[in-house]
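Take a look at the structures below.
Paired with subunit B in one complex and with subunit C in the other, subunit A is shared by the two complexes that follow.
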Partner chain A sequence: MATEDARYRESSQYRLWSFSPTQLSALREKTNAAARARISDRLLSHPLPATSSRDLSAPTSNANTPDPDGNGNSTPALPEFLTPAEELTLVGFYISETLRASEMLHYADEIKATAAMFLKRFYITNSIMTYPPQEMLIVALFFACKVESGHVNLSEYTKTFNKSPEEVLAGEFLLCQGLRFAFDVKHPFRALRGAMMELASLKDMQADLKRLDAAEARARKILQFSPLMTDAYFHYTPSQIMLAALSLADRGLAERLIQETFHFVAMEGNSADTPGANGGAGEGNNNKNRANEEKAAIIGSHLRDKVLGAVEACRDMLSRELPERKEHWTNKPFIKTQITPLRKKLLKCKDPERWNLVELQRVRRQQKLDSDDEDDGGRKVKKEEDGDVFGGELGHSAKKRKVTVKEEDPFGEPLRKVTVKKEEDPFGGML
Partner chain B sequence: MAVSPLVFPTSSSLTSPLKRQPSQQTTTTTGNNSSNGTPNFGGFGAPLSAAKAILSNNNSHQDPSSSFSSSASTPSPSLTLDPIEQMNELEKRKYVKGRKLGEGTYANVYLGHSRSDPSVHVAIKKIKVQAQYNDGLAPDAVRELKHLQELRGHPNIIQLYSVFSSKDQNLNLVLEYLPLGDLEMLIKDVDRVRYGAGDIKAWMGMLTRAVWFCHENYVLHRDIKPNNLLIAADGEVKLADFGLARGFCDPGWRMTANVITRWYRPPELLFGARHYSGAVDIWSVGMVFAELIIRTAYLPGNTEVEQIALICKQIGTPTEDNWPGVTQLREYTVPSEITPVWGKEAYMGRFGAVGSEGVDLLVRTLALDPKKRITAREMLEHKWWRTEPKPTRKEDLPKKSGGGEEKMGADLKRRNGVLEEENRGSKVARKLDFGAMK
Partner chain C sequence: MTSRKPPTTSSRGGGVTPAPTTTSSGLPTLSSDDMCPVCKTIRYLNRDMEFLINPECYHSMCSACVNRLFNEGPNQCPYAGCHRTLRRKGFRSAFFGDLSVEREVDIRRRVSQVFNQAEDDFQTLRDYNNYLQMVEDLTFDLVNGDEATKRKAEGELQQWEAEHKADIERNKRVGREQDEQSRRRLAAEREAARQRRLDAIKEAEEEKLEKIKIREAEIDNLERGGALPDQQRVQLKRRGKQAVDAAANLATSASITTTTAATDSVGKLSIRGLKEKKKEPKPEGPYDPFGGLDLQPSRYKIHPGLKHPSVEKYRLDQGHVTGGYSFEEYTSRAMFEAFAGLGVFIEDEKEVGVGLSASEVVGMGAAMAAVGGDGMDLD
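Take a look at the complex of A and B:
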C-alpha cells in the first residue's frame, strides 16, 4: 500500500488546490486580467439601460470609440478596475466576514474553515468583480454545511441572512463549478488533537500537562483564523500547518514533536559506516539495526530539514494573520479607509452579465428551454450519429460557439505534472 | 491599460463579423501548443475575445424571434463562457454520450465513450434535479462526489474519471464502465451461475480490500450490499454508490442511524446508535459473505422490528453480557425470549462450504458488539485467504452473460433506498410488535 504521503497526493486538495506561491499569484493575475477583459467587452456591448434605446437603433455603433455626437451617456467610459492586490484585500475581508458569520451561528470548526476555503478557492479562478462576494459568502457557508454535515435547513438558514432561498441556490452550482466539483477540504484540526495526544504520551511531558493544554488552546485559536486568512492551505499540508501553529503557540513542543518523529536520524551517522558489518552483534540485534538504518534512510535528516523548512515558512505566513488580527478586519477606521473605497470601486466595475446571480440563473434556465434537450439523446438519432449528443450551450449557435472552446485547461497543465511543489508530508499519520 | 488589446480586435469583428473566423482558428491552434507546466497567461485572453466575437455576431444578426428578453435591462441571454465554464466545456467534449442504460428518479445512466478513443467506454451518471428536494444540489450527489473525488486509484472502488455539467446545471459523473452486472445478479441466478469456495474467496477479497481502503481513508460507505458491488469486464469487483458515504466523525459528533439497507444493517444502527465506526460496514460485509454462500439474503427482515428479531434468533440476542452498554442505546429493544449467541459450530452446517477458516471469518464479522467485530484490516490478515482453495483468478470468475449493462444502469441510477423513512415506533410499540410476531 502506498504511503500516507502518496495518498495525500491523490487528494483533491493536493491535485487541484495546491500551488506554489508563484503559480498562485500568476493564477490570480490571470483571473483579474481575464475579468477586466470580459467586463470591458460586456460593458461595451451591453450599454447601460439608460442608453439602450439609442443603441437598439444602431446595435453595431462603435461603442468603444468616442461618440461623434458628443453624447456622454452612450459612450460608457470603462470604469477603473480592481487590481489583483485589491481583489485579494477584498477577498480577505470577505473571508473574515465568513468566519465572523459562522462564529455567530456557532458552526463547528470544520464548517467554518471549509466555508472560508470554498470562498478562497472560488476566487482564485473567478474574479470578485465577476461574482458578488457578499452573496457568494452566504452560498459558500450554506454549501459548507451541506458538505460537512450532510444537511441544513435552507429556509431557516436564509432567514438568518435575510435572503430568499432562491438567492442562495442561485449561486450553489456556480460555487460547485468554481470548486471544480471537489468538495473535500482537509483541515489541520484533527492533526492538532493527535499531536497533543502524542506529546501527552511522552513520559517527561506528563508533569507538564498544563503547558500542553495552553499550547493546544492557543494553536487551535490560530488554526481557526490564521491559515484561512493566508494562503497556507494552498502551499502546505494540514500537518505542516498544524506544526506551524503549534510552533507559534509553543515552539518547544513543535520541535519536540519533530524530534520524536525523526528520532532515527540520530542513528544515521553511526550506521553509515557499518552497513553489512556484523561486528559480533547478535542476529536479532543486527536485524534491528538494519531496520533502523532503513528507517533512518527513509525519514532521515534531509527529510527532517525539509520539514523544518516548510514548518518555518508556514509559521512565517501564519504569523502575518494571528488571531489578534480579527479586530483589525472589523476595525471601523480600517473598513472606512480600506474596504469601503474598494467596495465602491467594485460596484462600478462589476460584471453586468454575472453580478445578479438570480437573474443569471433565470437566463440559464431560459437558455435550457430554448435549446434542444440533450437528455433525449437516446431518441434523437440524428444528433447521436454525428457523435455530438452534448450539442452546444446555445442551441442554434452551437456550432459557432464550439470554436470558442480552446483545447486547453485554463488552469494550465494538470497540476500533478507541475514540478514546483510543496514539501511532501512525512507526518501523514497526523493528517 | 492592459484591457485595450483585448477590446479592439473585438470591435473590428463588429463591423465585419465574418472575418473573425480565421483569427479564432489561429488562437485555437496556439492554445493547443502551449502545453508547458506553467499557467498560461494567454490562455484566458485569447478565447475570451473569440467568445466575445460570437456574442457580437449574435447581436449584429439579431433575430427578433430568438431574442426572448422582454425587458430592456435584461442582458442578452447569450452568455459568454467564463474560463471555468470553458474548462467545463472541454471536459464535456472529452466524452460522447450514447444510449441510456437506465432511468431513475435520482439519476439517469448513459453509456458513453471517450471522444479521442472510442474504444474506451465510460458510464455517465447524470444527476437529476430532484423535485422533492428543494434545497439545491441533493445531499446524495454531494456525498458521492465528495468521496469519489478522494478515493482514487484503488482497483476495487469505482473510479470517477471526470465531472462536468450539462445544460441547466445538471451534474454528470463520468464513471468507470462496469459491464458485467453486479454480485446480486450472480447470487440470484442459481440455475445458470455456479460458483464455489474459491470464487467466493476472490469476491470477498476484493470487497474486503475496497472496504479497507475506504476506512483507511476515513470514509464510511454505509450502503454495502450485493447490488452495489459491480463487476468490471475483467471480473474485478468494484464497490460503487457512495451516495450515503461520509467521513469519520470526530468523537462527540452525532451521525444518523438511518443508513444501510435494512438486510445489511448492523444491530447498533437498528438500536439507533448515533456514534459508530467502520464496524457498521463490516457487518454488511459479513451479510454479503453469508449471502454469497447460501445464495439468498441471510437476514431478510421486512421491517426493522423483524430485522432485529432475525438477528436475535440467528446470531443471538444482544445483552449487557455480550455487548456492554447495548441496553443504553436509544432504541434498544429485543424480543423477550433471549437466544444465546451461537458459536462457530452452529454455522458450520449452513456455511461450511467456505471451510472452517471461512466460517471463523464470517462469525467474526457478525460479532454483535461493534467493538468486538473484526476490522477490515484484521479481515485481510485472516488465515482464510491462505488456506485452500486459493481465490479464483479474476479472469476465471463465473460471469453472467447479458444484462450486465442494464444492471449497471439500474444500480447507478437508484436512489439510495436506505433513507426510507421507516416508522421506527416507540420502544413500547416495538415490544408489542415482537409479541405479535410470535
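Take a look at the complex of A and C:
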C-alpha cells in the first residue's frame, strides 16, 4: 500500500534533509568544531598571513570531511571563532538577504524558497567560516533558478550582482556537494492550493469564500518567509508546515481540515458477522477488518491528535518569524549592532584556503591534473602552485576585506532588470 | 565372428614365410597377427588361425592355445611374467588391431556404465562439464596411469559404483528406455514410409486400372455410337468423386493420426530432434509501469468539485487549453502535496524509527525494565 506518507518517506528531503532538533543542533556543533580545528590548523601552519608563501605541508584535498581529532590547542595568535549560535544568526541574515534579492528580481516563490533552503542546507554541513556566505548566496540563487526551471541568463544575472560569471560557476559544484546532490526541495505552496480546494469543496464553506481567500493570502505570505527563516523544513513535512501556516492565518480552517481528514473509522466486521456467519462470510469480514485497520492507520482518529500536536509545534516555530519580522532583519540598528560585528569577526576567522572560490576551484583542477601525471616534475609544479595560491589569495582577500567592511548592504545598488516575470502563476513554474 | 585379417602384407598368396619388415639387426620379425606367441604357430601353417585376447591382461594367443590351456578351468596366462588367472569364458577376439586401443575402449565402456548421468541431471551446464571432466580424468588414470594411480582410480570407480548403485541402475533403465523409444520410433517411421510407398503404388495401379476401364467403356460407347459428351460428363463426375473421396480419406486419416497422437503421445512422434515444448507462460496482462504500486489516494478523494479561483481562469485560457495541459493533473498534485507526509513525524521517526513515538519507546523501556525487575524478584 503506497500511502501518501510512504511516498513522502521516499523523497530525498525526508531521507537526507530531515532531522530532529537535537540531531540538527548536534550536527551544527560538529560542523563548527571541525571548522575551528581545521582553520586553526591552517592558520598555525602559516602563522603570519601577511608574509608570502612558505613550505606547504598541510593537505589541501579531502578537507571537506570533518577532522575529528584536530588539535584545538589555541595559541594567542589564533583569532576568536564564531560560535554555532553566531553562525546560525549569520546564516539567518544571509537567508533574509537571499529572500530580499529574489524579491527584487521578482522570482517565483519556489525559486526564492529553494534558494533559501539550499543556503540553509549547505551551511549545516559546512561552516560559514569555511566558505564565504555572500558568494554562496549568489550561487545558491542562481542554482535554484536552474532547479526550479526558471531559466536566467548567467551574464545578465551576474551583472545584477556586479560579479563575474566565473565567480558564480566556481561555487556551483561546491554547492551541489554540500547539498548531497539532493536538489528537490518540497515546498508547501502547492499544498496550500490543494488544501484550499478541499476546503472550498465543503458544503458549508461555499458561503464563506471571502474568508478562504483572506486565509490563503495570509498563509501564503507566512509560507514565503517564516518556514525559510526557521528550521521548519528540517523538522516538519510540507503539509504540516502548510497547515501550521494556515492555522496562523485562520486557526478554524486548519482544524476543520484536520478533522475532516482524520476521523473515526468504524469496525463494521464485529456487528455484521453475528447472525449465522459461515466460513466464507467470516473470511470476507476478516478482509474487511484488515482493510478497515489499514484505513484506520492512515486516517484514524488516533492520528488526528498527533497531527494536531505536530501542527501546533510547527505553528509555534513559525510564529517566531512572522512576515512582520522581515523589517527586523533589514533595519539599520539591528544590522549595526548584531550583524556587522559578527561579519567582522567572521573575516578574521575565515578559512584562508577556502575563502576564495575561484582560486579554490583553480587549485582543485590543477591538483586533479597533477595527480593525473605522476612524475616528479609534476609534483614540484604543484607545490609551487600551492605556494602561489597563498600569496595571491591573501593579497586578494586583503583587498576584499576593505571593500566588504565598507559596504554595509550587499544589495544596495539599484537593480535594473526584472528577469522572471511572475505574479500569479498557479503552476509555480510547472509548465 | 570375424577373424582378424592381416592389415598389411598378405601371406595368402602362398610363398615362404612372410618377412615384411626387417629390423636393423636383420632378424625377421613376424607380425603378431601372423604368429601365435604362445605356440609359435604361423598363419602359413594354419589358415584359420584366430587370435583371442582376455580383457584381464590383453595378451593375445591363438584359439588353439586357448582351447588347449583353459579347457580344464582357470589357468595362468602363459606369457612370461604375467601371473593373471584367466578363464576361457573371458576370451574374445579383439575388434581393434591395436590392443591398447581395445583396452581403452573396454575401460571407457565400463566407466561410462558406472558414470551414466545425463545432462538433465545437473543444475547447470557448468556442473555437467565439471562432472565430465572428472570422469575423463578418472578414465585417463585408468588407461594411462602407472600402477599406483591405476589402482587408486579403480578403487574410486568401485566405491562410486557401490555407493550409487541405485542411481546407476535408474539411469541405465532410463537410457535403455530411451534407446528403446528411439528404436521404436525409427521402426515406426520406417514402417510408415513403407506403408506410404505401398499406398502410392497401389493408388497408381488403381488409377491405371480405372483409366483402362474408362477407355474400354469409351470404346464400348463408341461401338454403340452413344453420346460422347454424356460419357465425358460421367468421367468428370467420377473424377470429382475421386477427389472428394481422397479429401475425405485425408481428413479421416488426419483425424485418426491426431487422435492417436493425443492418446499415446509417447514414442509416436514422427519429427526427430524436437525438444519437448515448455508449457506456455500464463498471460501476464497489461504492463504495469509502477510494479503493482497502488497510487490511489487514501486520505482524500479527487472529485470534480475541487476548484481554485486562480486556476479557473487558466481553464478558459486558450494558451493553456490548446497545449493539452490537464488541469486534473494539477489538482491531483496539489491534493497529494497537501496530504502527503501529514502522518510523518520527523522528530519521532528520525530518533527512534518509523511507527513509534519517542514517548512510546520510553514507556516500552520502562515496561521491560519493570518486567525484568519482576523476573529478578521471582528468581
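The rule we apply is simple: the second predicted complex is superposed on the first by the 304 of 431 C-alpha atoms of A that agree within 3 Å, B and C clash if a C-alpha of one lies under 4 Å from a C-alpha of the other, contacts with A are read in each partner's own complex, and residues count from 1 in each chain.
To be clear about the criterion, a contact is a pair of C-beta atoms (placed from the backbone, for glycine too) under 8 Å apart; a residue touches a chain by one contact, two chains touch by 3 or more.
All of these numbers come straight from a predicted model, not from anything done at the bench.
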Query raised in the report: After lining up the shared chain so the two structures overlap, which partner does A:7 touch, if you call subunit B first and subunit C second: first, second, both or neither?
Result: both
Query raised in the report: Does the superposition put A:227 against subunit B (first), subunit C (second), both, or neither?
Result: neither
Query raised in the report: Touching A:92 in the superposition: subunit B (first), subunit C (second), both, neither?
Result: neither
Query raised in the report: Counting only touches as set out at the top, which of subunit B and subunit C does A:190 meet: first, second, both, neither?
Result: both
Report task. Using the touch definition from the top, say if A:303 reaches subunit B (first), subunit C (second), both or neither. Result -> second
Report task. Go through the superposed model and pick first if A:236 touches only subunit B, second if only subunit C, both, or neither. Result -> second
Report task. Check whether A:176 is in contact with subunit B, with subunit C, with both or with neither, and answer first, second, both or neither. Result -> first
Requested in this report: Look at the residues of subunit A and decide whether subunit B or subunit C touches more of them.
Outcome: B
Report task. State whether A:23 touches subunit B only (first), subunit C only (second), both chains, or neither. Result -> both
Query raised in the report: Given the touch rule stated above, what does A:133 touch, subunit B (first), subunit C (second), both, or neither?
Result: neither
Report summary line: Dual-contact residues of subunit A, meaning touching subunit B and subunit C, are 1, 7, 23, 190
Query raised in the report: Which part of subunit A faces subunit C closely enough to touch in the complex?
Result: 1-5, 7-9, 14, 18-23, 186, 188, 190-198, 200-201, 213, 234-240, 242-243, 261, 295, 298-299, 303, 306-307, 310, 424, 426-427, 430-431
Query raised in the report: What part of subunit A is in contact with subunit B in the complex they form?
Result: 1, 7, 10-12, 23, 26-27, 29-31, 33-34, 36-38, 40-42, 44-46, 49, 52-53, 56, 59-60, 62-65, 78, 81, 108, 125-126, 130, 142-143, 146-147, 150-154, 165, 168-169, 172-173, 176-178, 180-184, 190, 352-354, 359-360, 363-368, 370-371, 373-375, 377-378, 384, 387-390, 393-394, 396-397, 400-413, 417-419
Report summary line: In their shared complex, subunit A is touched by residues of subunit B numbered 1-3, 6-8, 10-11, 14-15, 21, 24-25, 27-28, 31-32, 34-41, 43-52, 54-60, 62, 66, 68, 72-90, 92-93, 96-100, 108, 110, 115, 126, 134-137, 139, 142-143, 145-147, 149-150, 152-153, 163, 165-169, 171, 216-217, 246-247, 250, 253, 256
Report summary line: Within their complex, subunit C touches subunit A through residues 293-295, 297-300, 303, 305-311, 314, 320, 323, 325, 330-331, 333-348, 350-351, 354, 357
